[in-house]
Amino acid sequence: MALSLDQLNGLAVADFVDAVGDCFEFAPWVAEAAAAKRRFATVTALHAVMIAALRAASREQQLAFLRGHPDLAGKAARAGDVTAESKSEQASAGLDSLSEAEFARFHRLNDAYQAKFGFPFMICVRRHTRDSILAQFERRLLNDAASEFAAALQEVFYITRLRVAAKVTGEGMPKVDGRLSTHVLDTHSGRPAAGVAIELHELAGERTYHVASAVTNADGRTERPLIGERPLPIGRYELRFAIGDHYRSRGIDSGNPPFLDIVPLRFSIAEPEGHYHVPLLFTPWGYTTYRGS
Amino acid sequence: MALSLDQLNGLAVADFVDAVGDCFEFAPWVAEAAAAKRRFATVTALHAVMIAALRAASREQQLAFLRGHPDLAGKAARAGDVTAESKSEQASAGLDSLSEAEFARFHRLNDAYQAKFGFPFMICVRRHTRDSILAQFERRLLNDAASEFAAALQEVFYITRLRVAAKVTGEGMPKVDGRLSTHVLDTHSGRPAAGVAIELHELAGERTYHVASAVTNADGRTERPLIGERPLPIGRYELRFAIGDHYRSRGIDSGNPPFLDIVPLRFSIAEPEGHYHVPLLFTPWGYTTYRGS
Amino acid sequence: MALSLDQLNGLAVADFVDAVGDCFEFAPWVAEAAAAKRRFATVTALHAVMIAALRAASREQQLAFLRGHPDLAGKAARAGDVTAESKSEQASAGLDSLSEAEFARFHRLNDAYQAKFGFPFMICVRRHTRDSILAQFERRLLNDAASEFAAALQEVFYITRLRVAAKVTGEGMPKVDGRLSTHVLDTHSGRPAAGVAIELHELAGERTYHVASAVTNADGRTERPLIGERPLPIGRYELRFAIGDHYRSRGIDSGNPPFLDIVPLRFSIAEPEGHYHVPLLFTPWGYTTYRGS
Amino acid sequence: MALSLDQLNGLAVADFVDAVGDCFEFAPWVAEAAAAKRRFATVTALHAVMIAALRAASREQQLAFLRGHPDLAGKAARAGDVTAESKSEQASAGLDSLSEAEFARFHRLNDAYQAKFGFPFMICVRRHTRDSILAQFERRLLNDAASEFAAALQEVFYITRLRVAAKVTGEGMPKVDGRLSTHVLDTHSGRPAAGVAIELHELAGERTYHVASAVTNADGRTERPLIGERPLPIGRYELRFAIGDHYRSRGIDSGNPPFLDIVPLRFSIAEPEGHYHVPLLFTPWGYTTYRGS
């Protein structure tokens, strides 16, 4: 249950720390430091003050904080030996249901990372697909210690911003959600294409994971965004539109098999808090897509 | 080695039958009947006369002719116990390299077909992909005897037209070849996109088979058609264009990962002797495709 | 000042006729007949009852009603000798500012129409451009008497529906307004095109009339529809987008003069109460438009 | 009549000068100087040697040469008192049929130019539209003397290159011709649009001049380029496609009036020796154009 910013501002220090201490994994001292700065005008300000407290801490404290985090897809996560937040975050990218080979790969990466940097790999899992997590993991293993320490703190910023936004509601919420939407227009008939089945898949190496399914309404849109009210995980996607069925049901012939049947649009998301609008304008014989707005 | 129509017209009957008798599987009597009608003004006329001879034959002769064909992907083909033409035709659609499961599926279909119609399934393999052969097989198994007999003779028409066109050259060649081409335009720069890597894959259920690879020239085209100088196999295809690399090498940024990287165009071919031109007009942020000319 | 439907329902008959009698030109008897049917649940129902009263009248009454209307762009209109409604309606299509030649042309058409049908030409001017009024005039002059009488009553329906909707507000307003909108996307940068100057012109023979000007906002849209809160006049239009300036100001070169400078989109409106969305997707080297939604 | 390069190479000096002396207006001394460098391997080399001779001449000789040219659209041109080449060149851009107002405007520009630079305005008229000539004239009037002298010699290069290419044929012709072409595809039917009427107009201020008309063939192209076998005049153009008629004749309805009727594409040409391919992909409800290849 989210607390209102007003309620939070009114709490005693101990209750304040109880309420938002978990935003920083096993580090209630961050919330304690922030409590002194009440009251907060916006939720964004609350988060900024907590981050400032972390940045003001000694290097030892910061390192200890980083070391308090579980390995990504590691044994602790498997055993359930992590905070509820970590558990749910790791599940969001499917890290709780890896194959043995994938688990082994993460294990090797975790070991190499710990050996090189002395703390676990930090990444705001909710902002990435499986593919992107692995790509970041391998890329950041090449960093020098200073760059990687900065990169880890940047990820802490993203992780805790999401946790704060989930726990506290009120004025000046930080922007943490993105939106992926589409619009389907049949330029053969000059009308929105209603009733078109759409599927969204996440691409991961040679595999694909189903993300969402929808059917277009009378305006050629989906009732809800394909992804919404959460960060858009960075990664590669394929949208599939069943336009063969659309024309078949209207008795419009474009050969047997039809020239176009399932139309795939493959694109990447790079801005988790952005709006990606990916429309499809089509006839039985061609189509256009673009990043819209 | 192809014979010229003039040479063929000048041959004695026995030599004529030697030369083109194999066009009709194990049925030199078709060529014999045709030999009487020399001389032929066009290769198309030669084929038409042979087909007329087959159509003029008794039902028993026609049935015997159909029964002289090997099963599709059958044991005879595996054992090499078929004409060279049949062997090469079956290889053209990959029927010589099926998995055990696929082989078993064909086996069941062959048995069911033989049991229902009393002759082997005829299909002009060079005009179909794996997927299309199976789709036709399953669809035609539902035919009644009369429709299916007509369908089988129509396929004989396609098979023998290709064989005649391969053996005889001269005036009035039948149209047996199709062409699949593309053209890649970068509407960000207003120029043809040179050096873009393209791959063509055949889709078969959940699997894909590589058909061709090419790199565009200065005019944004491939030096040779993606498929040419043969019938276009009916079926589903995916063209893939490496436009992410195109922009990366030009220092044009569209996010990390780039909004568009590999652009897939999925389409079907329904007319094996047609021209399919499938261009791509693109920017880093969108694209258009259509059946062109 | 518009009256609320509730207020209207509560009026005495004489006041009711005072309030909405003018909706039917010089024919308060229509309102009198309708007054008996109070109270009305919707504004649409009020209009329907008035129209039913007109349709229930004798042919003589209907003819007298039609004859009570002024000629289109006629002397009475010039002299101001018509109802305020008629005056404002005729002005809406520019009929109050015709050249002498145009005035003479209307004069000839009015005379020919009166001579043939015995009443003035009726058309809901607010639903048409100059061009369309003349096209309708010439087309309907060819009608037989029965078809044209029906056509005239249909136009009375449109005219009075607009008048009723202007005088009375409340539940169940009739749909009398259309909307023309656009959206401008720069697919070279993958973003909405902000600050693009747009002009809308009405086409009339070889002449054009300026209708609206706007500049796109940060989302590539205009703050208000190009035409809205009124019927869209049937006719031909040209939208002009200053995309040359857009790229010039961004230092993007496409030749001198630039390949694209002012992009004109020429289209027609046929449904005055419809929504026409006419977007432009463009790069320095090409563009796409379509009827969107 | 063009001479072959071989013939030219074999001529005596006097005959050589007779043959190509006119390429440089009233300056046979350029050809005389070039004659000494025979023989020429290519026509391009011949032109290069003549240009080198001009560049090697004294400033006084060059000035005298420039002064030997007639004013653009001047009195001499009107009176026919110029070389046949100049006369035909000025006619190519319609400078022989100006209105009195246009004539007066050129007169003022000529006077101002002569007063500032001391020689007449040089421009390769065949490479420009009316509009572009005026734009260049006004722009170059702002040049300083040195820049403008260089600009004038560059135009001499273009003028004489065209004259040489018209007089001499053979190996290594200079590239002097451009090409404007189109291709019309109906993506509603997936086929080239045959029988579509096309008009090309040159834009000049508020006026337009008809340049070419054509009707598309079965492949959706025009039999000949819209402009070809000559330089493309730099300037602004409008291509108009009668796609309303195309669909009307096929019984395809898109409203009354149809949403799209005459589709105008407005673009500029900046490279006279380039290839401009401007295709139209359309349905009854939208279209795409781009600079193709």
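We just call them A, B, C and D in the order they show up, numbering each chain from 1.
The rule is short, and it goes like this: contacts are C-beta pairs under 8 Å (C-beta built on N, C-alpha and C of every residue); 3 or more make two chains touch, one makes a residue touch a chain.
Please read these numbers as outputs of a predicted model, since none were measured by experiment.
Using the contact threshold fixed earlier, the set of chains in contact with both subunit A and subunit D is B, C.
Most remote from subunit D, judged by the distance between CA-atom centroids, is A. Centres computed as Cα averages put subunit B at a distance of 49 Å from subunit D. With each centre defined as the average position of its C-alpha atoms, the distance from subunit B to subunit C rounds to 58 Å.
In subunit B, the positions touching at least two other chains are 187, 190, 259, 281, 283, 285-286, 288, 290-291. Touching subunit C in their complex are the following residues of subunit B: 187-190, 254, 259, 281, 283-286, 288.
Across the complex, subunit B is touched by residues 183, 185, 187, 190-192, 219-220, 281, 288, 290-293 of subunit D. On the side of subunit B, the complex with subunit A involves touching residues 132, 234-236, 255-264, 266-268, 270-271, 283, 285-291.
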